[in-house]
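What follows is a structure written as structure tokens; I'll ask about it next.
Chains here go by letter, A, B, C, D, E and F, matching the order in which they are written, and residues are numbered from 1 within each.
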Amino acid sequence: MTDSPLLKSSPPRPSGRRANQLRDVRITRHYTKHAEGSVLVEFGDTKVICTASIAERVPEFLRGREQGWLTAEYGMLPRATHTRSDREAARGKQTGRTQEIQRLIGRALRSVFDLNALGARTLHIDCDVIQADGGTRTASITGAFVAAHDAVGKLLASGKIAKSPVKDFVAAISVGIFEGAPVLDLDYDEDSQCDTDMNVVMTGAGGFVEVQGTAEGAPFTRDEMNELIALADSGIKALILKQKEALGIQGV
Amino acid sequence: MTDSPLLKSSPPRPSGRRANQLRDVRITRHYTKHAEGSVLVEFGDTKVICTASIAERVPEFLRGREQGWLTAEYGMLPRATHTRSDREAARGKQTGRTQEIQRLIGRALRSVFDLNALGARTLHIDCDVIQADGGTRTASITGAFVAAHDAVGKLLASGKIAKSPVKDFVAAISVGIFEGAPVLDLDYDEDSQCDTDMNVVMTGAGGFVEVQGTAEGAPFTRDEMNELIALADSGIKALILKQKEALGIQGV
Amino acid sequence: MTDSPLLKSSPPRPSGRRANQLRDVRITRHYTKHAEGSVLVEFGDTKVICTASIAERVPEFLRGREQGWLTAEYGMLPRATHTRSDREAARGKQTGRTQEIQRLIGRALRSVFDLNALGARTLHIDCDVIQADGGTRTASITGAFVAAHDAVGKLLASGKIAKSPVKDFVAAISVGIFEGAPVLDLDYDEDSQCDTDMNVVMTGAGGFVEVQGTAEGAPFTRDEMNELIALADSGIKALILKQKEALGIQGV
Amino acid sequence: MTDSPLLKSSPPRPSGRRANQLRDVRITRHYTKHAEGSVLVEFGDTKVICTASIAERVPEFLRGREQGWLTAEYGMLPRATHTRSDREAARGKQTGRTQEIQRLIGRALRSVFDLNALGARTLHIDCDVIQADGGTRTASITGAFVAAHDAVGKLLASGKIAKSPVKDFVAAISVGIFEGAPVLDLDYDEDSQCDTDMNVVMTGAGGFVEVQGTAEGAPFTRDEMNELIALADSGIKALILKQKEALGIQGV
Amino acid sequence: MTDSPLLKSSPPRPSGRRANQLRDVRITRHYTKHAEGSVLVEFGDTKVICTASIAERVPEFLRGREQGWLTAEYGMLPRATHTRSDREAARGKQTGRTQEIQRLIGRALRSVFDLNALGARTLHIDCDVIQADGGTRTASITGAFVAAHDAVGKLLASGKIAKSPVKDFVAAISVGIFEGAPVLDLDYDEDSQCDTDMNVVMTGAGGFVEVQGTAEGAPFTRDEMNELIALADSGIKALILKQKEALGIQGV
Amino acid sequence: MTDSPLLKSSPPRPSGRRANQLRDVRITRHYTKHAEGSVLVEFGDTKVICTASIAERVPEFLRGREQGWLTAEYGMLPRATHTRSDREAARGKQTGRTQEIQRLIGRALRSVFDLNALGARTLHIDCDVIQADGGTRTASITGAFVAAHDAVGKLLASGKIAKSPVKDFVAAISVGIFEGAPVLDLDYDEDSQCDTDMNVVMTGAGGFVEVQGTAEGAPFTRDEMNELIALADSGIKALILKQKEALGIQGV
């Protein structure tokens, strides 16, 4: 991607990255040994363990239909963050933020899954942040796809399903307006000071699955939104290449 | 507003509305008698009671700072919907959807509030849906702004604050792709079948506060997103006129 | 009804009502559109939405028996009251007061329902107070009966049941000793200062279903109790006429 | 007490008691050793441990006022009943019935307490049913008064208060219509089959503190209510004599 | 048992007991009337009601297997202790201590139960402390065994099972290092000051089921542990004799 | 360590280890970047992230005393185990097992901490299992000590405290009877089949802090207990060397 003039002139980022530069992204498969899919995904210092677990049953609302389900849960270790947060299990409930994120992860992955082809089973996605430095939800989606792909691989290998329910790749990235300029893949330093924060989920085919933009400070304009969307598009293309590389899949 | 060619050729909506046509919007102030601001907002058959309550204290995290807070809660009567939902108070917890919506309402209103100008007090927004027919969160934001404006009016009238903390208007609308065509202000019939559902929050000055688009079915394209945003923009302009009319405020 | 000498000489009520005078009572049917029965009941400034929802299943303890069930839930919007109360759904539990009231509403309605004639289904009553000014539980019972009657009408019309399970009318009113004198239908100003507060539930045939009298200040005497009961009896007769009028039912 | 003709002709009770006959009532003080007041109260086979505990603090809503508080909690051992009930602590919440009863106990005792004379402290009443055979709430109130009286005795003895905050005695009894006839002090066999069940709380001076009558089957009439009240009145007089005897108090 | 020289020279205990002396132990069967087994067990001033209830069903994880289950719950009345503790049912959850103890009681009893011989039913053990003076968990295990034995007796008498699932006796005692010397059966005064506290569960055949030793102050040595174990062994032998006596069983 | 004859003749372990052989133990400091102490501890395939976080406040019960506190929480990622467990945060409560373990970790670490020397601050220990293969609680204690030591190092380096509150080392290991023979450091295959399972916590000076032995199958004898204790003692000595090595501390 050629940098646009606007991006070239943008102010320096705390990390020294260019406006359209992702952090180092690493996807480590088979990270833990029990789950059908297990991935450590790292976006710079943000580190998330994503597992995909197969259960041979479906939730109540699908009972009796020949269809599967995919659901996601999200958590953070109490000291994944700068200061220690209360442990949700000890408090006895998940925060609104946690629920919002896990709903987003579930929707994102379901958008590329043919739940009929999955059969009457559930794919449980767990994303647990062990170190947070901004962008935990986008790293979670990006890593969870790979974990889910691996779990599907086990189903195919064992002959439980004949055809993959995975219809396309899916990945996510954050973009934002930092000191007046659009930047890709916000880290914590940027996220905590930016004016606008947008999370974008896209498929391998380039379709949008989710766009969630929030003005933390001043409202944003349609032009800014367009620029952010373009940045996100380029970032997600790069992430999907990383996913393919991790999975050993070639070609577009 | 002149309809674009694309909108003219769009398929018929269940309600018979044009693609860019809002439902009947009614904003009734002083709907209940105890709250400092109390509004019944109706977007067609969607009816929400929005109250704004002033409390002369701030949450723990603001203790000792000369700043106020605005927070929102959302609920639905169990039979606001087609089939009865469990009462959240009886289940002992709010759903993820409820928490997501109330966080959105809070962020939307805070975007147009100068919390320093509010002083060390809290504005509690309560949005309770008494009848649901799609778009409850956008109706809630639109009505809650008027309730909050009325509560602020009481603070000004009583001399507790000298200057209004309200920096701009804010309203929200949903847009979506229904049977392949972009439409404004989805009702339940449309919402339950649409491919893409987007909630947009904008200020009176035309800035974006939130854009939340989700592909329920097929992913959406950048062109579709642009069309949806344009539709939302026109709808929100109309809603802000309704708010001004309800508040007896003239001029753009 | 002719006023007794005692009632004539009683001290003025804050509202200017006579001791045996109800507030304006309004019963609006079909208030919301989804529920099988939906009523807005108003006792003066006390306003409660009462819905009756039919579910084609029964609770666990009735499984396998050819009998139905009727159960009630009660809630108040957070700002239905003078000062905002915490939202029970957010606190994660219903107060003892809420549970006491919803148990009372359920018992009151079941007393005039033939649960065998209802068949193996559940009638869910929801009473949600949108504005409180005293007497919310008695308004709830009075309105809920009409909503339940409408829901039963739907069951009859659809042929699901052949015979109405409604055996009689039921309504409720509060009475109390205010400044030494018995008064009917306490509003908030009276309720918050009265010595004795009694809620009475009676059937159309004049039988007592519930009598709950509490001395808030000085204990009450048997004579006072008798006077209160007589007042309640007259009030409930009037309420049942209102119910019949709302339902378009003539005769006693 | 001379039996009235009506009572003489009433049908036999399962226990062989006369219609106006209490079960054997035993009040054992100093039942456990830590509490400031500790009583085992037995109404026949119903056995409740009532303790009164003094805490040198008041609830939030009384902070800064020179007034005390009295509050009550109620529980049942899981196998106090015919079949085992779930343990409320394990279920994570108290039932509506439990909350209703503990609110009643608290109101009953507060009606004879001068909370100003108690000083800025709280009297915690705990009533725990170790064996249930009907009438647990009335036994609780009757026993809790004695425990509270003992706790007050400790405060007086230690000089923490100079004057007793106890204004009068208070006790409670159930009455009901069993096989068509009014009976006093229902045991489980009667309670589970009776048409009307009424709990009455009265002071030593003969004033009514609470009357809670419920038609379990057919509604009851005003005459029946009068008879029940008269029966309760006689029973409570006898209970208060028992309390005085237990406390070693003579006179009326 | 002959006292060892070491025990003879140990410092005086607050209770005046010898180092190897149990408190007065009393086991009262048939303490309450509803449960299949009901025991009041007293270790000095520690008093626990232990009931065993038979339910003709098994937990989910045993569904479809021809095996029974035994589970235990533990509670304390709020004022069983020196100062009042919060009621767990009111707080809405059991403490970690409560859960730890009830898990221990369940494991201890299961160790001597042949769950296959019990058939597809559950034995619910409830241990409720009505007065606490140290050693509530060991008293609970010791008493619960007798209650469970009685419940099994009912199953045998009714012919529901042909052979007792009870394989051996089981009892428990605490030991500790108090002022430098090992002592048996700690009461509250000792427990609150001791350096090491150990709970031991043993069978009638002399096998160890649980050993739980904790250094509250200074760590303990292997020699001290050996002495404590020996003391516990002697105490449990005495407790099992008490159990046999209570059950009217002779011989070893 | 020379193997005893008994150990030599013991049956083969699933892992091929000798009876007295630990798994590979690895202690990685500075594993995550935010916590004052952060350790990944691995006992073979069991992997636990242990963090120590300093908070400049103390719990309510220590308010106003010049003393610190150390507390621990424990969790497992849902798919740390062979089959996925429910997420405790989603279920809304911690299991009894979790509470038991976190109480144990807290007691173990407090046994070697001088809480007065810590000053009025709290050390929060979090142990989160990312992969479980038996022995998670003993790995947690062993790793948490190192994390706590690092956090103390930060306090010393910053001058907040002048003297280390760490009085000694502490580590933990499990031992058990597997196929009749005592073995050290049970992995999951052994743990799920062993007869007796014992967790032992010891200090660097060789004192016992906790001994928790449970007969899962047949009761164990005093001789077996002695052998297990000896095995544990040797294992803990080796673990403490590992801790010292990780911390770069020389000498015994």
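Keep this in mind: a residue touches a chain if its C-beta (ideal position, glycine included) is under 8 Å from a C-beta of that chain, and two chains touch if they have at least 3 such contacts.
Because the structure is a prediction, the values reported are computed rather than measured.
The chains that touch both chain B and chain F are A. Shared contact partners of chain C and chain E comprise D. Most remote chain with respect to chain B, judged by CA-atom centres, is E. One of C-D, A-F or A-B repeats the interface of D-E: more than half of the contact pairs, counted by residue number, are shared by A-F. Using the average of C-alpha coordinates as each chain's centre, C ends up farthest from chain F. Over half of the residue numbers at the interface between copies chain A and chain F are found on both sides, making the touching surfaces mostly the same.
A straight line joining the Cα centres of chain B and chain C is 34 Å long.
If you average the CA atoms of chain E and of chain F, the two centres end up 28 Å from each other.
Here the CA centre of chain A is 52 Å from the CA centre of chain C. Chain contacts: chain B has residues 92-93 touching two or more partner chains.
A ring topology is adopted by the chain contact network, closed into one cycle in which each chain touches exactly two others. Starting from chain D and moving next to chain E, the ring of contacting chains follows the order D, E, F, A, B, C.
Taken together, the chain C residues at the contact with chain D in this complex read 93, 96-97, 99-100, 102-103, 107, 111, 198, 202-203, 205, 207-215, 218-222, 225-226, 229, 233. Across the interface of their complex, chain B is touched by residues 32-35, 38, 45, 47, 49, 51, 53, 55, 73, 75, 77-84, 87-90, 92-94, 98, 124, 126, 128, 130-132 of chain C.
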